[in-house]
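Worksheet: one structure, shown below.
Chain IDs A, B, C, D and E follow the sequence of writing; residue 1 opens each chain.
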C-alpha cells in the first residue's frame, strides 16, 4: 500500500491532538505558545496534503499555508511581547499565577 | 481587471479607513506626546467620512471585487455601517479614557482603526483565506489592544488569556477550513455553494462546518467558547471591552450568517445543534450573571446571553429567523454602546467598577442614572425601548417557524426573566439603594462623551417607537443573504 | 519510487510525532524548543514529499529559524530560578485533556474514514484530481513558486495586501507592549 | 364630541410626567403636588365626559383612534401592529375608575410621601398612562406593551417609598407579573401565527382576532393559548396558588401606591379574563368555566379564612381583596349575563372599597406608626371621623345592602346559582355557590373583628393625642364614599353601561 | 283614605329623610341643638303612625286589600330584581305596632339619653333602624326583604355597639351581627334555591321575582322540581333566617349580650320590633313552609325548645335586663311554636300583644336603671315601689300581662294553648304549660326583687323625669286591654277578632275548646305567683319552710345548668377556638411558608445554580479551554447522533 491522502490526514490529526494536549497540560506559558505553533503546523500539513492531491493547478492549499505561516509568526511575536509584559509585572511564567480575574 | 471599479463600487469605506490608518501611523511617529491628541481628530474624521461614504455604495445590487474574494451586498453594507458607528463611539470613549495610556495614545487609535478594517473586511469577505486574514487582523489587534495598559496586571492577564484562547480557537477554525477546502476543492464561498448544490452534503461537511462555526463562536462569545469574555472584559481597558462587545461581535455575526447560509439547504442536524448552542449560551450567560458584583463582568455575561438570542435567530435556518436576528443585533448594538458609554464615564471619573459603587447615584446625577437605566432596560426588553420590540419580533419569528420550535420559544421566554433580574439589580442599586452621601457628583456637563451618551439613549427610545423602517431593513438584508446562499454565484470576476 | 516515498514519509512522520511529544512533555524548556525545531524541519521534509517545495523553504525560514530565535530570546528574558519544575499541572484538567485529545482524534478518524469503512489511501470523501500536464511540466522545471506567485497576485491579491496592514499593526502592538518604559526626556 | 380623543386621555399624563420631571419645573413640594392633583382632577373630569358621551347600546369599540407615525401605514406595518385605541362596554367604566382613583391617590399622598416628590408624582402619572393604555388598547401588542410598561413605575414606587423589606417585595412583584406576562406573550404570538397560516396576513388587532376569525385553531393549541392568557391574568387577579406577591407588595407599598395597586391593577386581571379568555376564545371558556368556578370558590374561602388570623392590618385588607376578587372569578365562571355583569360590577365595587380601606390603613399607620393589631385599640374615641368612614367601608366590603358591594355580590350569587356551566360535575353550581356564600359570614367576622380591635374597646394611653383626619384625607374618603353609597342605591347607573356588552358576549355561548 | 294607601312609601321615606338630615347636619355641624334631632325622629315616626292608623282602618273595612307597586331596581339578564311596597292586613297590623312602639320609645329615649354626648348619633341610628324596619314590613318580595333584613341587622349592630368604648358592648355588637349574618346566609341560600327550582315560573309569568303574592304557586313548582328532601332543606334554609333574627335556640346567645346597648334600644329592637321581624318573615313565607309538614314540625319543636330553655335560664338571672331578654326569647319561642303547629293568627296575635307589654317592661327597667345610676343588678334593688309608684305599677301590669293573668297576654297565650289542644299536640302542650308556669315565676320574682322589700343598693336614687314616665303610662293601656280587645269576644260591637282580621288568607280555624284550658292556665299562673311570692315577697316569706330547702339542694345541678346558660356560650367559644381559628391559623402558615416558600425556593435555586456555574470560571485559561473543547466535542457527538438517527 503506497502513500495516500489518508496518511497525511492521520499525521495532521495526531499532530493536532498533541498540540491540544500540550496547550492544556503545560504550565509554562512558552510551552503553551509552542503548542499553538504545533496546532498551526498540523493545519499546514493538512492544507499541503489537500493541495497536493486535489488541485495542484492552482495549489490554493499551499497559498493558504503560506498565509497561515505569516499569521502564526505574527501571533507568536505578539504572544511573546505580552509574555514579557506579564513577566515584567508578575515575574513568573507559570500560568497558575495568572488567575486573578475570576468569578 | 481594473481595481478602481471594484473599489468604487464595493470597497469605498475600507479604502478610506486604510488611508486614515496610514496617515495616523505616520503622525504617531512624527508628533510628540502631548500633541498625540491630534490623532484622535484624524481617526474620528476618517471614520465619519467612511460612514458617509457607505451610502454612496449601491445597495440594491451585489458587487464583488478582487476576484470574488470580497462581495458587498445590502447585508454587508448594513453590517459595515454598524461596525463603523460602533468604532465611532469607541473612539469617542477613548478620548477621555486615554489619560491612562500616558504617552502612547496615538498607537491606541491606530490599533483600533486596523482592527475595524479587519471587521469591515470580515463582513464582506467571500473567500476562506480572506475570512481568515480579516478574522486574524481583528483578533490579533484586539489581543494587543486588551493588553495596552502595560502597568496594569489585569490588562496583561486579560491579553494573555485572550491570546491563548483565541489562538486555540482560530487553529480549530483553520482545521475546519482545511476540511472544507479538502471536500470542495475551492476556497471561494460562492464556488463552495455551487459545489454543494449539485452534490449532496455528507457528515464530513457538517463536521467541518461545525469546526469552523466553533471559531466564529469564539469571536461572538457563544456557548462553548464564551469563558474568555468575562475575564477579558474585566481586565481590558473599558473602550477595548466596548469594542469587543460591539464591533467584533457584529463582525463575528456577519460572517457566521454566511457560514450558516451554507447549512440552509442541507440537513437540519446543524439547525438543532445551533439551536442547542444558542439556548445554552443564553442560559449560561444569564445564570452566571445573576450574582455578579463587578459591572464590567455583568456586562460581559449580559452580552453573552444577548449573543445567544441572536444565535437563536440564526438557528432557525430561514430568512425570517435571520431578519429577527439582524433586527435584534441592531437593538443590541445601540443599547450596549449606551451602557458601555455610561461605564466609561463612571470609570474615568471614579475609577471604580463595582455595582455597589453605583449606589444612590440617581440622586446625585439624575440624568446619567436615567440614561443608563434606559439602556439597561432596553437590554432587558422593557416596553418603550428598542430591546422590547426586538425581543418581541424575535419571538414572533420563532413562532412563525411553526410549533416544532416550541421548546426553543419556552426556554428563551423563561430566560428573559433571569436577564431581567440582574439588569434590575443595577437599576435598583442606582435608584433605590442609599449611596454613600459623600459620593462625588459626576460632572456630566456638555462634552462629546455625554452628548453621545444622551444621543444613544434617545436613539434607544426613538428606535423603540419608529420600528417599521428598521424591521424592513432587517427583512431586506435577510432576503439578500438568503438568495446569496441558495442561488448560483452571481458574477465571477 | 513509491516504496522510497513511503520510506521517507514513515521516517519523517515518526520524527515529527516523537519530537512533537518531546516538545510538549519535556521538563526543561530548552529541550522542548530543540525538539520543536526538529519537528519544524521534519515537517518541511513532509512538504517536499507533497511536492510543495516553496512551502518547505518558507517553513524552514519562518518556523525553524525565525520563530525559534524569537522563542530563545523570550526564554532568556523570562528565566526565573524555579522555572524548571514547571512541567505538567497535576490537576483534573490534565486527565480531561487526555480525554479531549483522544476523543477528538477518534472523531477526526471517524469522519475522515467515513465511519471507519473507507481505509484506502484516497478517501472518496475528498476530491482527488490529477493535475494537468502543463502544471506537471512547470512543477518539474520551476517547482510550485510560479503557480503560487501567479495565484498570490491574481485571485488572492486582497488578502495579500491586508496581510501587510495586519503585520504593520502587530508590529506596532508588540512593540508598544514589550517596550520597557523609559521616562520621557522632556 | 370631537374634542373627546382617546389619545389626549392616554398620553396627557405621560407628557405631564415629563413636564414635572424636567429641570425647569420648580422643585418645591407644594407646587409639584398641587400641579399633579390639578391635572389628575382635570383628567377625571375629561374621562367623565367620555362616559357621558358613551352610547352603551352600540356594539364594538367607540371613540376609535389609530395613530399613524409620520406615514399613512400602521405603526409597525410588517407585523400588522397598529397604535389603535378604543373604548367599549367594560373598558369605559375601568377608565373612569382609574382616573378617579389616581386623583384620590394623589390627594391622599400629601403626608404619606416625604421625599423625592417630583419623581413620585411623575411615576404615578406614567402608571396612569400605562393603565389607561392597557384598558383602551385595541391591539394585542399594544396591550402587552402597556402591561409590561406598568411594571416599572410600580417597581420604583414600591422600592423607593415603601416600608419594611421593600426591595424584596418590589422585585417579587415585578418578576411574578413578568413571569405571568410571558405566557400571555406566547399566547399572543400563537394567535398571530394561526392567523397568518389561515389568512396569510399578520395582524394583532383584537377586533379581527375575535370577530372575524372564521378558521378554527386545533383544540390542543387553542387550549394552550387559553392557558397562556389565563396564567397571566391569574397572577394579576390573584388566584390562590399564584397570589403570594400581593400580601408582600401591599404591606410594603406606601398608602397611595397600594390604593392604586388594589384599586386598579387587580382589575386588569379581571378585564383581561373577560376581554381575552371569554370574548376571544368562547369555546374554550365553556370547557374551562368549571375550573374558573372551583378556583373562585377556593380563592374566596381560602383568603377569607387566612384573613381571620392576620396580625397586620394591611395584610388583613390584602387578603380580603383576594377573597373579593374570588367573587369575580365565580361570576365569570357562571357564563350568564347575571354572573359576568356581577363580576364586572364587583371589580368596580372592590376597586372603590379596597382603595378606601387602604387609605384608612394608611391614615392609621401615619399616626400610630404601627399596623399590628396587638398595639392598636380604641382609636374610635380619638378619631371619630376615621372610625365612621372605616365602618362605612367595612360594611360596604362585607356586602351590606344599599351599598355598592351588595349589588355585585347578589348578581354573582344569583348568576352563579342559576348557571349550568358545571353540568355533569359532582359538585354542581348550586353547591359551589353555597360554599361561596359561607364567605359572607367569615368576611363579616374578620372585618368586624378588625373594626372592634382597632377602633372600639378601651384605648391605649399612647394613642391619647392622635389627631383625627386631615382635610385632605377627609376629602379623599368622602369622594370615595359618594359612589359607594350612590351606586349602592342605584346600581343601574353602572350596569346600564356594560349590560349590552355582556348580553352580546353571552349570546356567543348560548347559541 | 285612598291617599294613604297610594303613597304608603311616605312611611319609610320620612325616617330615611330624617336620617340623612341628621347625618349631614351633624357631619357639617349645621346644628348642635338636641331638639332638632329629636323633632326630626319623633316627627317622622308620628306622621308614619298617623298614616298606619288610617291604613289599618282602611284594611279593616275592606279586608281583601292587596295593593302592590314595584320598581325595577337591578336588571341582570333574565333575573330582574325589583323593589316596592305592598299593603295588606298583615303589613297594616305590623305598621301600627312598629310605628306606635317606636314613637313612644323615641320620646322615652330623649329622657334616657339626655346627658349622653352621642345624642345625635343615637337618634341617627334610631331613625335608620326605623326606616329599615318599616321598609322590611312593606317589602313586596323576598329579595327586598333580604335587603332590609340585613339593614335591620346592621342598625341593631350599630345600636348595640353604641357605647363602643366599652369592650363588652363592642364584643356583643360583633357577636350579634355575625350570628344574624349566619341567619342571612341561610336565608340567602334558601332564596337562591327557591328561585332556582322555580325559575321557569318566574320568567314565564313575567311578574316580579319572588313576589309574596304568587309565592305559593312558585313554592309548589319548586317542590315538584326539587323533590321533598331538597325542598325540605330549602325550607330549613329559609327558616334559618328567622331562627337567627328572632333568637331561636341554636342562635339565641346574641340576644342576652345585646343588653349591652342602651335600654330604649333593648326595648325597641330586642323586644318589640326587630326580633318580631323573624316571625313576620315566617308569616310572609307561610305558603312555602306549609308545603312540607316536616319543616312545620321542626319549626314547632324549635319554638317549643326556645320557649322552654330560656325560661329555665331566666329563673336564675340577677341582671334585670338579662332576665327580660331571656323572657323575650322564650315568648318568641311561643310565637314560633304557634306558627309551627299552623296557628298562624295565634302567633301573630301573641306577637302584637308581646310587643306592647315587653316594650313597657323594658322601659320600666330602663327607668329603674336610670334612676339608680346604671345599677342593673336586682340584688342591689328593692323597695322601689315607694320611691317610683308609676314605674312600679306599670311594671306590675306588664308582669300580669306576660304571665297570662287576665290582661292581654292571657288572651294571646290562651289562643296558642287552645290551638295546641285542638291540634292534639299533647307533649308540646305540656311544655307550653310548664313554660307558662316558669314565666310567671321569674316575672314575679323580678317584680318582687326590684319593687318590694327594702332597698338593698348603695346608689343614690333620683326620680325619673316626666318624659320617661308618660310613655310608660301610654304603653300600659294597650298592654292591658289589647288582648281582650281583639280576642273576638267583642264581636258584637264590630271589632273583629284578631284572627278574622289577619286570617283571611289561611283557613286553619281553631274553635275555642271550651273553658277547661283557660282555667287550668290561670291556675298554673297563680301557682307560679305563689311560689315567687313565697321566696321573694317579704310579706309571704314567713311560709318559707324547710321542705323548700331540701328541694333547693336536689335541684342544685339544674341550678348550675341554668346559671351557665345551658353552656351554649361556652360551646360557641370552644367551637371557634378549637375549630375555626386553628384552620385559619394552619392556612395562613401554609400560605406564608409553603406557597411563598416555593416561590422563594425557585428564586434561590437559580441564584445557587449561578454560583455553582461561576465556580467553573476559576480564572485559569486552560480550564476554560478544556471545558470549551469538551462541550464542543459533546456538541459534535450530538450532531453526529442526530445525523445518524
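Worth pointing out:
In the analysis below, a contact is a pair of C-beta atoms (placed from the backbone, for glycine too) under 8 Å apart; a residue touches a chain by one contact, two chains touch by 3 or more.
Everything numeric in this text was worked out from a predicted model, so none of it was measured.
Contact with chain A and chain B alike is made by C, E.
With steps allowed only between chains in touch, the distance from chain A over to chain C comes to 1. With steps allowed only between chains in touch, the distance from chain C over to chain D comes to 2.
When you average the Cα atoms of each chain and compare centres, the chain farthest from chain C turns out to be E.
Taking the mean of C-alpha positions as each chain's centre, the chain lying farthest from the centre of chain A is E. Of all chains displayed, D has the C-alpha centre closest to the centre of the whole protein C-alpha set. By C-beta pair count, the most extensively touching chains are A-C.
Our note on geometry: chain B versus chain D, Cα centroid distance of 44 Å, whole angstroms. Between the CA-based centres of chain B and chain C the separation comes to 31 Å, rounded to the whole angstrom.
Averaged Cα coordinates give chain A a centre that lies 98 Å from the centre of chain E.
Centre-to-centre separation between chain C and chain E, using Cα means, comes to 104 Å.
Residue positions 175 of chain D are each in touch with at least two other chains. With touch defined as above, residues shared between interfaces to two or more other chains in chain A number as follows: 16, 19-20, 23-25, 32-33, 50, 54-55, 60, 63, 67, 71, 74-75, 78, 82-83, 85, 88, 95-96, 98, 100-103. Of all residues in chain B, those touching 2 or more other chains are 129, 132-133, 136, 140, 143-144, 147, 150-151, 159-161, 164, 168, 182, 185, 203, 207, 230-231, 421, listed in ascending order. Chain pairs recorded as touching, per the definition above, are A-B, A-C, A-E, B-C, B-D, B-E, C-E, D-E.
Interface residues of chain E, counted against chain A in their complex, comprise 614, 617-622, 625-626, 629.
Interface residues of chain A facing chain E in the complex, by the touch rule stated above, are 20, 23-25, 32, 95-96, 98-103.
Residues of chain A touching chain C in their complex: 1-11, 13-22, 24-28, 30-31, 33-35, 37-38, 41, 44-45, 48-60, 62-63, 65-67, 69-78, 80-85, 87-88, 91-96.
Of all residues in chain E, those touching chain C in their complex are 620, 622-623, 626, 629-630, 633, 636-637, 640. Against chain B, in their complex, chain D makes its touches with residues 69-71, 73, 75-79, 116, 141, 144-146, 148-149, 151-152, 155-156, 159-160, 166-167, 170-171, 174-175, 178-179, 182, 185-186, 189-190, 192-193, 196, 221.
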